[in-house]
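Got some structures for you, see below.
Each of the next two complexes has subunit A plus one other chain: subunit B in the first, subunit C in the second.
Take a look at the complex of A and B:
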């Protein structure tokens, strides 16, 4: 296996960040520790230097604290208050939201490609819905749905979908418009109905765009799900843990949750990447010997377009 | 049939007729139900449905007329009619079903609330938009620009930092918010930092693409002119990157507003649109929540369009505008 040329520089940067972390941690924590000592708080340490790594709410937690925090929040794996189950709930809401967003996005995209009038009437508001801080609607939407008996994970999935449908709409619309005019002409020569054109030409052509859009939308949906959990009464999920620990001022736990949700985001996007490679093998193997000529040509066109 | 009439309505008289009838029906119902306190009968609900159908059908016909207009204001007409249709239908439905205003306020109620509490909301907006979003936006974008310049200049930095920037784009930034608010404090600087971090990574990735995706021919030309590094950046790389930079700037306006508002969910000093939204949503004061959302949206849209206008002024030479 070929080693990526990025590996060494990335490691150097990571090491530099780690090496800078300790001095920085001491620099910002020692004044806090000194103040705590001056006020005579009962601390298990004597000097400010020692206390800097043991503060209850440090500005930057020490690696030892983070490690312990991970231990506390990860184990036992099946505890309802541990990260794994909550992360799974949030991931589930995100994925359901993404699928809902996919359905809505496809509907809008097909409408916009099929009818300029539809585009004229709705596109400005679809764009505006993005310049609007949509997240502001989350608390209200959840209370509203709760009034009509919709509770639990579903409102969060709806909010995730609401935030994620835009990149999908735009991406799919771009993809549906992407077949080159020659191919569209060919469909016309074959006397293909609009349905057939969509099924045999436009949909396949939009697949690569769909996956690119899904990657962006996945992050957006995760943000939506977390915000929805934060701003509502929820019993499970990363957002609920964030809100809880934010109220309890447990800084170390908040750091641990932040890092875990970062990992969750990266994993979810990696999932889309994996699906993309699984479902569009001709793109991965573009230029390979085993690729049928037609598919290789298709992927080249996509690469150019 | 006068020429004016024909110019306005063209072959679309049926569409305009349906649109007018639909709006008339809905408005008539709203007027009739203005002071009522009992739900409407099912016949009246059917009437609302008919009105809505008429508006949508009419709109679908009428919109064809505006498809090819070059004037952006006239081209906006169908979109404006769509918004109006949704608002009027929502008002009629809410009145017909007598939904309690504590749950979903009618659009007219929201508008009157907006006028009532505009002073408070404007103060909130100043805190959220100017102090938090704008400061964070400017800092984050400039830092992103500088980082992209450095990364594009030194291959080592590109290899070491760019993969991390790509990785960071899949991280849910909201999770940063509570940590940063705890770390920096509940006043506006913590939210500005959140905004700066949010807009930083798209800026780096986009600008870097603009600085490096350059046709080899142009680079060869620079070389044959014996242009040094600085000249290359001034005359080739930066102009080439401008459209990409503006893309990131436009994306950033949205992210900045969201970042500032979400940041306030985790602690604010008693002011700010996000703070107001959270407090009032908890008290079922949804007319104020909607008013705050309207204020935030209007500012968000204006900001986005301002950047778009700057883009057209500065990159008018670019292919996409010719």
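Take a look at the complex of A and C:
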């Protein structure tokens, strides 16, 4: 099988992380193992070095423990206590939250571009909304929504949207303002209506900015959904698993869930990347970046003169 | 189509009833007090090729933007085909070619040329036919499916000329369209532009700061000088049509280039880069 050239640096980094993790794990676990041996705890090992990888509550779990933990938490795939279903629920909340944030962010951005006064009036509130700790506002939002019978996954999606709309608003506003003055003059020479100028110029010009904003917003929304699950009553989701295992002091499980949510984040951002390539074919052709496109243009010879 | 081109004697201030563009006593003062244009007078007849030449700050681009209703004059009157610039813009009387190609990067070449036709609500079946015809006119029909980044700077600017002509305006305003291109490409495009002008019979107003370009292209050259921006003089160009590469090597070409250079110097003593 041919190994993609992109895979090599990824593998090198992964090995380097592992190479650093291993000695660190021994360093922090050996004193704990020593203490356990000193107190005469019943351990299936003799030396502190041996015991460092087998502690029930390690400071850092050994790779072997993580591997076993993944085995325990991933299977069976359809178990309500396993990671797959819970991750799917969190992913669903995140994506719905992102779409909600997209709609709200888009309207705010249009308002901000259409009116300087609106922008000045709105921006402080938007910024203020983001400085309120999500962990504090999440339970209150859930109580508020509960008043109107909104329960379950939906309040989590709203909280995800609450932190995701900020990068989207800013990104889309910048995108809508991105056409250069000459392009706007061009539309004026066509006597284009404001709506036509949005449709033919501002919206398409903002699409690359929208995707950049979506990538930032996606990770923010995922954190929002997980924090919302932790800080409210939840029956499903990564956050609920984290809260449960935290109460049970299961360090290995905490690490496994944490790493799983990191993988979930990577997958969700990859989904945005995939959509971006699908929906902006002109940029795929250009290599997705302005600089190589310019070089390509300069290096090309003038055609039939 | 050709007879209108042979009227270089037309005086700058002469009141010509057939004038398609008439500028009378136009001044432009920007809010910061800069006098970009002072008391400009100019009559342009149907089918002429007029160059506005001068150093930076002489008001040549300002004058073109005033004609296009992209800005409004502080005083004076402008008539485009008997209408005010605003009415002319709304009647889509002119196509405008900017310094940069300003192509939409998300549209391919054909679709870029169709942009004005979409905005102006041309019948759907007519848009493609017109755009294809315009691309053939600028010799880019083979590149219809390419995206702008795949074209050279010169080809991009040709697409933008095709786009400006797509809705068949009477007038073509060009603001230093070849300023960013290399000399060889520029000379080729000059020749091609003259061919376009002959074939379409458009009236072209062309801003440049290159003396050879102005002499080669124009039926008349409007020499402008800065501080404050004003029209110094208008030089008729009596080089025979059609002009070719050899035109640049004739004695008359050099005489005219010298006349333009001296007119520019007389204004304020600023050298013009060629």
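Following the convention adopted for this analysis, the second predicted complex is superposed on the first by the 266 of 305 C-alpha atoms of A that agree within 3 Å, B and C clash if a C-alpha of one lies under 4 Å from a C-alpha of the other, contacts with A are read in each partner's own complex, and residues count from 1 in each chain.
The definition used in the following text is that a residue touches a chain if its C-beta (ideal position, glycine included) is under 8 Å from a C-beta of that chain, and two chains touch if they have at least 3 such contacts.
The structure presented is a predicted model; accordingly, all values stated were derived computationally and were not measured.
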Partner chain(s) touched by A:222 [first = subunit B, second = subunit C, both, neither]: first
Partner touching more residues of subunit A, whether subunit B or subunit C: B
First, second, both or neither for A:201, with subunit B first and subunit C second: second
Contacts of A:30 with subunit B and subunit C, given as first, second, both or neither: neither
Which of subunit B and subunit C A:191 touches, first, second, both or neither: second
Shared contact residues on subunit A - subunit B and subunit C: none
Complex interface listing, subunit C residues touching subunit A: 68, 70, 89-90, 92, 94-96, 98-100, 102, 104-108, 115-116, 118-120, 139-140, 143, 147, 149-155, 184-185, 188-189, 192
Touch list for subunit B against partner subunit A, complex: 59-60, 63-64, 66-67, 75-76, 78-79, 81-83, 103-104, 156-164, 167, 169-176, 178-179, 181-183, 253-254, 257-258, 261-262, 265-267, 273-274, 277-278, 281-282, 284, 286, 289-290, 292-293, 296-297, 300-301, 303-304
Subunit A residues within the subunit B interface of the complex: 5-6, 8-10, 12-13, 57, 59-60, 116-118, 120-125, 128, 130-137, 139-140, 143-144, 147, 215, 218-219, 222-223, 226-227, 230-231, 238-239, 242-243, 245-246, 249, 251, 254-255, 257-258, 261-262, 264-266, 268-269
Complex contact set, residues of subunit A against subunit C: 180, 182-183, 185-192, 196, 200-201, 204-205, 207, 280, 282-283, 285-286, 293-294, 296-297, 300-305
